[in-house]
Amino acid sequence: MFIKNTWYVAAWDKEVSGDGLFSRTIIGTPILMYRDSNGQLVALEDRCCHRGAPLSVGRREGDCVRCLYHGLKFDATGACVEAPAQPRIPPQARVRKFPVVERHRWIWIWMGDPERADTALIPDTQWLDHPDWRSQDGYIHYDVNYLLIADNLLDFSHLPFVHPTTLGGSEDYAAVSPKVERLADGVRITRWTIDTAAPAFATKVKQWPGRVDRWNIYNFTLPGILLMDSGMAPTGTGAQDGQRVDAAEFRGCQALTPETETSTHYFFAHPHNFAIDRPEVTASIHQSVVAAFDEDRDIITAQQRSLSLAPDFKMVPLSIDAALSQFRWVVSRRLEEEQQQTSAIIPITPSREVA
Amino acid sequence: MFIKNTWYVAAWDKEVSGDGLFSRTIIGTPILMYRDSNGQLVALEDRCCHRGAPLSVGRREGDCVRCLYHGLKFDATGACVEAPAQPRIPPQARVRKFPVVERHRWIWIWMGDPERADTALIPDTQWLDHPDWRSQDGYIHYDVNYLLIADNLLDFSHLPFVHPTTLGGSEDYAAVSPKVERLADGVRITRWTIDTAAPAFATKVKQWPGRVDRWNIYNFTLPGILLMDSGMAPTGTGAQDGQRVDAAEFRGCQALTPETETSTHYFFAHPHNFAIDRPEVTASIHQSVVAAFDEDRDIITAQQRSLSLAPDFKMVPLSIDAALSQFRWVVSRRLEEEQQQTSAIIPITPSREVA
Amino acid sequence: MFIKNTWYVAAWDKEVSGDGLFSRTIIGTPILMYRDSNGQLVALEDRCCHRGAPLSVGRREGDCVRCLYHGLKFDATGACVEAPAQPRIPPQARVRKFPVVERHRWIWIWMGDPERADTALIPDTQWLDHPDWRSQDGYIHYDVNYLLIADNLLDFSHLPFVHPTTLGGSEDYAAVSPKVERLADGVRITRWTIDTAAPAFATKVKQWPGRVDRWNIYNFTLPGILLMDSGMAPTGTGAQDGQRVDAAEFRGCQALTPETETSTHYFFAHPHNFAIDRPEVTASIHQSVVAAFDEDRDIITAQQRSLSLAPDFKMVPLSIDAALSQFRWVVSRRLEEEQQQTSAIIPITPSREVA
């Protein structure tokens, strides 16, 4: 079961290009995406209303797409505008059209009620195409439910265990509980380390006058969007008070989009504002992240296999689970709300009598 | 759910040969086929009545087959005639025997009540071994339900879209609705094109005095047998009135036999009565058909995948679906009839009282 | 459904060695096995109580194991003794510990109530490490339910059919019914052949004065342990009366341990007391057995596939099934007993009223 009235990341902008037809399954529904002659995005259900063939193996005809099974042609609103030997097209001959918006390199799709698709709700990921920041595009396909990955992203304590040589840090790091705050539709995790040595990777890319203050601030919001603000600045320059002087910063952008109940799309990039004229630094940061995410995928996939053998498994909650427990609660509440809204519009039937 | 009281094509004659044991699953039941010492076909359930081992991994002993697990020996009637350490064989020690008939290169099997296995019901496919006709044997295995393939065969409109460079023809072709007639156990589709140019492939194999009349007449009957009569004759020689003068004709024979609910055996050949002394023409016709069928398989398999993700999908019917809708109705009616017959022989139990 | 209060063979001793973490699924539960610093075996559920990750991809720390997802550390009793950022470990933070015992090269595990894990119940397999006997270690993984393999081991009649060139013997062999006796928790099968020629393999390894008496005595007990006593002695030396003079003997040890409902671990060895200074004889005996077991696996796997297509299949019992029918009855009775014991400890709830 998935939240419907929310913006999901459907693709990197470059994945939907030219005259191509791009297909990706989002929360269980196959979606066809393409660009019209003005470059505007179109997102339609990738399943012909006639006999169910995927439109994405069809062909573009101008701003329309033709199913290459029986030749039905659909325009960018999803309406069937041509069918062989069918002078009058029945009005129900249409495929569903989805609101879709392009913002800072990501394509966002709204899988719920189109009336409620407010683009003001789209999270700000400006660092993905800002001239003062650099990053590489990342995508990983996971064969696990998206909530297991959300658990992982909401937990700092696994870093030294899963990523000892990549993101890692010392195992003491796991012992310091970060600050966890509830947001309207998610959770914020904040961790500051004041007056500490600059880590090895940072001394390679920048000169530091002495010790530094480091921060990690995660905003994790529905449906599964993680915006990270992390970095370091020389101690005493007031970073914790909001001043960022001579800072080396990251603005990680990560999005989990469920494909099915047991698979997930994972989009990510880690823009940085230092050494932006050195592509090898950008590549190195990206490679470190990818290596760490591969480690995550290994353990999470093993976890999913283990859990699938034990459907009645009850997790023993620990204090390190504060953030992920809160996020799971936010997800559950939203799902309940959507279900109540759905049942509210079901017409009332007269009560049945029992003899 | 499958129709039982009908003849299914089980194999090409050459597939069951010599001393071999041939196994194929038909409507969910594994069938062992072999020839006795007189060359007569035997069809038995391919599952030993003792512990369920497949007899087809056993061995021939004269006209009998011995299970190579515990050594039970069955004769050609399915009766167990020998069992180790078992002087008296219990009468229930037998496997089911199925009526099986060889006709014009195809082996037909009756999966229902043997009493009703009337060989007069077997469709005529005389062109498969007639000296004036030539063809090559075809077989394709499909991972889809047989009705999706029946839909495809009953629809002409997909030809220009799925087969633009093989069977194809222009897309206008799809726009002309063929004549559809209900048969007792199926449907007939007829299409005539009068006074048209001979197609490219026809001019290569035969001289034509001028324009031609072309026809396509499909008889599609239960359980999934398509007999095609198609061809062309010089315009004005009266083809549409039943005269076939200097005609180039095909008599396509195609049979769908469900293997399971999600897989199908597809037997086919396309006998032609022209250029029968040129094997390369026969081979070329066969290759064209195989290439087209591979295209069909691609789109139908994509359709099955798409439909499997959407169990509640409702197809939007169009006028091009007339033939396939009628055939699906014929299938449903026959299934209902068989179910009523089955339930009619269930003994009546006294009604239960409810306190 | 599996019997719980019984000893299962979990591994060969050498499989659990050094600092390693060994994982094997036993009756549906993943088990982590390792040796502590004294070489004592530890068996824990291989699933972290926190978020379900497998401990076997974690790491040893002294006699403890640390989960390499979030860093929980468990001691050899299964108790969590360390968790990041968690000064007080909740008492329910533990994984299940299983009684485990090493005896004559095999590691035995008790999957039921630990209070009832009486090591006196472990079958005697002393021949596996006795200085007067030699054997090689065998293990095969089967993709079938363990009862189909038990059926096979309890049946002598398949030998000439499945193993004509390996274990085989003549087909007449199958025609002699062995003596079958019920044991408290299993069945004993006894077959004697008096005054017969020594078989070919026996004349290669030993001089025989003349004809021999041969015996095969199988003790097959819960959960699936086969101890074979087979061999031959010169006729007239009183073997059948309990004297074993100049005998060539085997003491086959075989254990079936269900992995899941559809897969099984099969441990085996065939100790012999002749030619023990000729390793090539031991190797040759082992190879013959492995070749025969591969033949068994082929036919049993085919049988399982065949049965899986026919869930309502009713086996026709024959007299050769006496032993396996008795063993299946013993299994069923024990399963029922365990279910009654389980339901007996469910607290009685007040009856619900119906309005």
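In this document, chain identifiers A, B and C correspond to the written order of the chains, with residue numbering beginning at 1 in each.
Keep in mind that, in the parts below, a residue touches a chain if its C-beta (ideal position, glycine included) is under 8 Å from a C-beta of that chain, and two chains touch if they have at least 3 such contacts.
The model shown is predicted, which means the values in this text are computed figures rather than measured ones.
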Chain contact topology (line, ring, star, complete or other): complete
Shared interface numbering between chain C and chain B [over half = same, under half = different]: different
Distance between chain centroids, defined by C-alpha means - chain B, chain C (Å): 49
Contacts with two or more other chains, residues of chain B listed in rising order: none
Of all residues in chain C, those that touch chain B in their complex: 151, 155, 157-158, 160-162, 171, 174-177, 298-299, 302-303, 305-307, 309-310, 313, 315-316, 318-320
Chain B - residues contacting chain C, complex: 25, 28, 30, 46-47, 49-54, 57, 66-72, 83-86, 90, 92-93
